[in-house]
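Chain lettering (A, B and C) follows the sequence in which the chains are written, and residue indices restart at 1 in each chain.
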Amino acid sequence: MERPRHQGMAKNTYMRWRLPLVCLLWEVAMIILFGVFVRFDPEADAHWEEEKREMNLTSDIENDFYFRYPSFQDVHVMIFVGFGFLMTFLKRYGFGAVGFNFLLAAFGIQWALLMQGWFHSFKSGKILIGVENLINADFCVGSVCIAFGAILGKTSPIQLLVMTLFQVTLFAVNEYILLNLLHVKDAGGSMTIHTFGAYFGLVVTRILYRPNLEQSKDKQGSVYHSDLFAMIGTLYLWMYWPSFNSAISEHGDAQHRAAINTYCSLAACVLTTMAFSSMLQKKGKLDMVHIQNATLAGGVAVGTGAEMMLTPYGSLIVGFICGIVSTVGYVYLTPFLESRLHIQDTCGIHNLHAMPGLIGGIVGAITAAAATEDVYGKEGFIKAFDFTGMYQTRTASVQGGFQAAGIVVSLLMAFAGGTLVGAILKLPVWGDAAAENCFEDDVYWEVPEDEESDAYHMHNPDKPASP
Amino acid sequence: MERPRHQGMAKNTYMRWRLPLVCLLWEVAMIILFGVFVRFDPEADAHWEEEKREMNLTSDIENDFYFRYPSFQDVHVMIFVGFGFLMTFLKRYGFGAVGFNFLLAAFGIQWALLMQGWFHSFKSGKILIGVENLINADFCVGSVCIAFGAILGKTSPIQLLVMTLFQVTLFAVNEYILLNLLHVKDAGGSMTIHTFGAYFGLVVTRILYRPNLEQSKDKQGSVYHSDLFAMIGTLYLWMYWPSFNSAISEHGDAQHRAAINTYCSLAACVLTTMAFSSMLQKKGKLDMVHIQNATLAGGVAVGTGAEMMLTPYGSLIVGFICGIVSTVGYVYLTPFLESRLHIQDTCGIHNLHAMPGLIGGIVGAITAAAATEDVYGKEGFIKAFDFTGMYQTRTASVQGGFQAAGIVVSLLMAFAGGTLVGAILKLPVWGDAAAENCFEDDVYWEVPEDEESDAYHMHNPDKPASP
Amino acid sequence: MERPRHQGMAKNTYMRWRLPLVCLLWEVAMIILFGVFVRFDPEADAHWEEEKREMNLTSDIENDFYFRYPSFQDVHVMIFVGFGFLMTFLKRYGFGAVGFNFLLAAFGIQWALLMQGWFHSFKSGKILIGVENLINADFCVGSVCIAFGAILGKTSPIQLLVMTLFQVTLFAVNEYILLNLLHVKDAGGSMTIHTFGAYFGLVVTRILYRPNLEQSKDKQGSVYHSDLFAMIGTLYLWMYWPSFNSAISEHGDAQHRAAINTYCSLAACVLTTMAFSSMLQKKGKLDMVHIQNATLAGGVAVGTGAEMMLTPYGSLIVGFICGIVSTVGYVYLTPFLESRLHIQDTCGIHNLHAMPGLIGGIVGAITAAAATEDVYGKEGFIKAFDFTGMYQTRTASVQGGFQAAGIVVSLLMAFAGGTLVGAILKLPVWGDAAAENCFEDDVYWEVPEDEESDAYHMHNPDKPASP
């Protein structure tokens, strides 16, 4: 029974020393770097009482913790349960989906705290972290989870850790260029998280192209209950997306508005997904793959514009379009990308993150370019786009141009970075499985052993376990 | 294998043009109506800085977003994961349970934002929406999810959308009568959500009575893992119910109190449910149907009274009674309703929502009637029942009378509305399945195809898929 | 088929009168005691407007509800979904895991509100409860859920209720000694919840030692999907642990800091767990038991120190160590404890709660002893350890000594209490199952009946159910 697999594993997939070594060395590196660099933000430091006096705050409720912690927890759930369970749809890769997502995200948030910290929270030689840093670290890791979706089932845990190391680094650089150099708004990350993460992952999976992948085709589908597990992921992503897009927006109206816009876009997206899922199938039946994924495209596509005055009906339109684009993508584009461009995209991130991310960037650019003092109010206009200091004289249309530039930069970073990282992951030292063992937990996990006799036993409690 | 089903589907259940048409047209209608009517509430609008000055607010934390957003997200989870997964208990209707609930709720919240907006948030020709509107829209849809429970497995997605359209409309009218005309308190919706939603659904299922439903009896049960999926729904409903009942209460003590009362009622309800579940069964074993449902009755039954001074022990008493009533209902009433009154109530909403909803209305009326300035304090008394303006002279006992009237109105609306909508849904154009295909996902969903060989393959990885 | 089980049940496990009687009588007792003692805290009482004036609060947002309710809900999810689903890993004990956890927690929170109320919130003859009491009640029940993990599958629901009654009582006494008499800090409960709860449970399971437990060995494992259900529990515990450790910390920096420290410790813990899970297994494969449990040890071990200035890198170090200790424990210690000391620890709570709890107590003692005014600031130092009133002169190193004493007291309480309660549970009147029926839901639950034909039917819809 185990013959073909063991053969593969003996050659490649033995993790016993490689995985522990990477995990332990990297975690030691994290400890050292945290020891040198990371301290508490004043709002999380025991000197907060003094800080309060200095900032003239009258109440502990003004601590940023109370503005952002509920959103942080929602985002946290999206990263670990949302992405983790969304990927359990494969019949025999549930452990890998949830478990490797857990591993890479746990490492990634630490490395992101450092990378983003050096760029954004570095003061007198120390990175000062508070709840907003935790959210940003989760965001950064979100882009890795997205890329993971493209290569799900085809890579070893070490490859995932290596990819995380590089992708988080590149994410931080790209984010710095967009937010600080281009002064672009992207609170929900249509560009920095989705466009960058998805195209990065697509390039990586292209480079890791496996010509014989149809050998494991029987494992690329779902079973009834694995589709239900995946719906747990889908629903948590869908429900908490308003928190995601509003989590790091400005206090007050911006956070409030971002949540409402996202809620609207997601609602519309469900209806057009259902419509096209049924319409594009001869028998007119709904396809769980679409429901699990395309319903979320509306959240991706307002990631830049949600905190702007996109308005509820504007959000509905965006969601309407994205449900269609994404579902059509699953039906026509994914097979095309695989057969013609050799892009094997396990979860279809091109449909859920890449195209909607691009749309989101464009929507953001248009919404910014169309902004007026009339709509935002004089103060609101300046606050919404942070037109202060050296950006005092920037106009809405110029801002729109910079937003568009942000899309291009994100794409370039994704292609360059994905190529580099794909090449690294192609080295034959990382322990990935042979094509016939892809999408199979048994390669890296202890899977409950006597499935057969168990199942047998469940159905016939009194008969002996081995017939 | 597919013969009897295909026969049915060829006649009835082909969705390819009907479902997409309804979804797309209705979503376009939503976009137009939102475009004409819906704008941001001042607290979500970019003019918030000016609003703050006008309202004399010193901090962004005073934005209603921070008072209500965490509760909103809990309610959101209840609607989509709570109701969705609670209904996955059927062995072969998990896709329909989670998926159709997702569809109808996504449409319903949009329509509810409009309907409730016209009644409650209409200013100078525009509906101004903020986080409280999102909660109210979720609430409104909650009543549709309840009604869905009665007809689960027996209706097409189009029927569900049609029902949602009408039920949301009627809900908004009923809510307007209760809250605005009768000036009734019902923060957690014992009357507006549960009593109305449940009796509405029961009337609909009565009208849609299927005499040959025993033809699909083998699919009306659960399997081991479907019962565990359903417990995900149960627990999220149970845990977040304190947020549900407090989500739109007045800031401060009312919200705080509503959460505590609900927590107490739910805790007591679990014990009496377990007690009666064991007691009413010959072998004394616990029944998952009761644990999944009756444990929640305590939350339903304090939906009106939770924000009043019901007190923790009062809440325990309510929960104690409802656990019993609901469990007894499952054992004795549901079979009776089906065999004698031809009410086929798939999820037993009569036991979980109808009876506890009525009890909740009565408890609210009594608690209101018994209110005194002594217990509430002079200010607290006025604030709790909003005895200001034209209601300045209303006394507690009069309020109790109006609360009771609210129950009657909700029942009348449910019966009249349910009859109307049931008659509409009975038209032979909506594509519902034949009796022998009820409770079967295969009718409307692409179900993972080669279940048998998959399952086979899982147990014997090396044997060929087809024996 | 049912022969051996029925034999056992006829003798022992018939719950029909015993379980209802206990549930109903105890719930009546709760109602009476709540009626006599429990009222609303001023912040949840309708007199809040007057309270606000007295406390000089300008806004409703200062109500403790808004500081703590989001954390409360996260803790609530951990108790009911977290612990409940973590224990569903057994192939045939999912109903018991989720259901009995639900039962004991629902009773336990009521009794905890009373017990903790008498010790901590008793004013003029009444227990005044608010959101902080709800959190503390959940905490207290958490220690019972932990102990349940040791005896999972081997006890009747009545035994669990009896254990809950006693354990909650002893928890409240121990907590009073630590927090009030020793003036110890333990916001996340490394000592009061984990050390106490785990050693209590281990002593109980030692006393209930079943020499013939290998008779049900075939049911002690997992199946593929039961491991995925368990991961739902794991992830919710992991994600919300920062809320757990910060839920009752002081407003402001302490709550903020506790969340960050816990986040860091948990992240590090995942990497060392993965490393050692792979390293300690010949084939180098990951073991779901470790991923499900040891990844959480980092949260346990900063339960005391998280609100102190443990610092992010300090937290990483603690998490690093605990992932290793816990995983090594699962591989080497659990089998040793079972074979040599006759401690049958179903979920391995010794590795997840006992050892990390001890480490947490020690880390807390060291962190307290090392505290200086330099690090905390003058005000911060006093506030962090509450060195006011009679504790005005206590120094950091003295505090460290008292913290250490807290560990010892918790251990003594656990051993003495566990012995007493174990002896009570050994009485042959509680209806526990025979050894061959352990880990089997069928003993106390109505399990979906014709599993075999169902499964058969699922795979071959058109063939008759009985071959």
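Quick notes on this one:
The definition used in the following text is that a residue touches a chain if its C-beta (ideal position, glycine included) is under 8 Å from a C-beta of that chain, and two chains touch if they have at least 3 such contacts.
What you see is a predicted model, and the numbers here were worked out from it, not measured in a lab.
Once chain B is left out, the chains joined by touching do not break up and remain one piece.
Counting the residue numbers used at the interface between chain A and chain B, under half appear in both copies, so the two copies meet with largely different residues.
Separating the CA-averaged centres of chain A and chain B is a span of 31 Å. Listed for chain B are residues 61, 66, 70, 92, 224-225, 232, 451, 455, 458, each touching two or more other chains.
Partner chain B is touched in their complex by these residues of chain A: 1, 3, 61-62, 66-67, 70-71, 74, 91-92, 218, 221-225, 227-228, 231-232, 235-236, 238-240, 242-243, 251-257, 259-260, 263-264, 266-268, 270-272, 274-276, 278-279, 281-288, 291, 295, 309, 311-313, 316-317, 320, 375-377, 379-381, 383-384, 442, 451-452, 455-456, 458. By the touch criterion given at the top, residues 9, 14-17, 19-21, 23-24, 26-28, 30-31, 34-35, 38-41, 43-50, 52, 59-61, 63-66, 69-70, 73, 76-77, 80-81, 84-85, 88, 92, 94-95, 98-99, 102-103, 106-107, 109-110, 113, 129-131, 134, 157, 224-225, 229, 232, 444-449, 451, 454-455, 457-462, 465 of chain A touch chain C in their complex.
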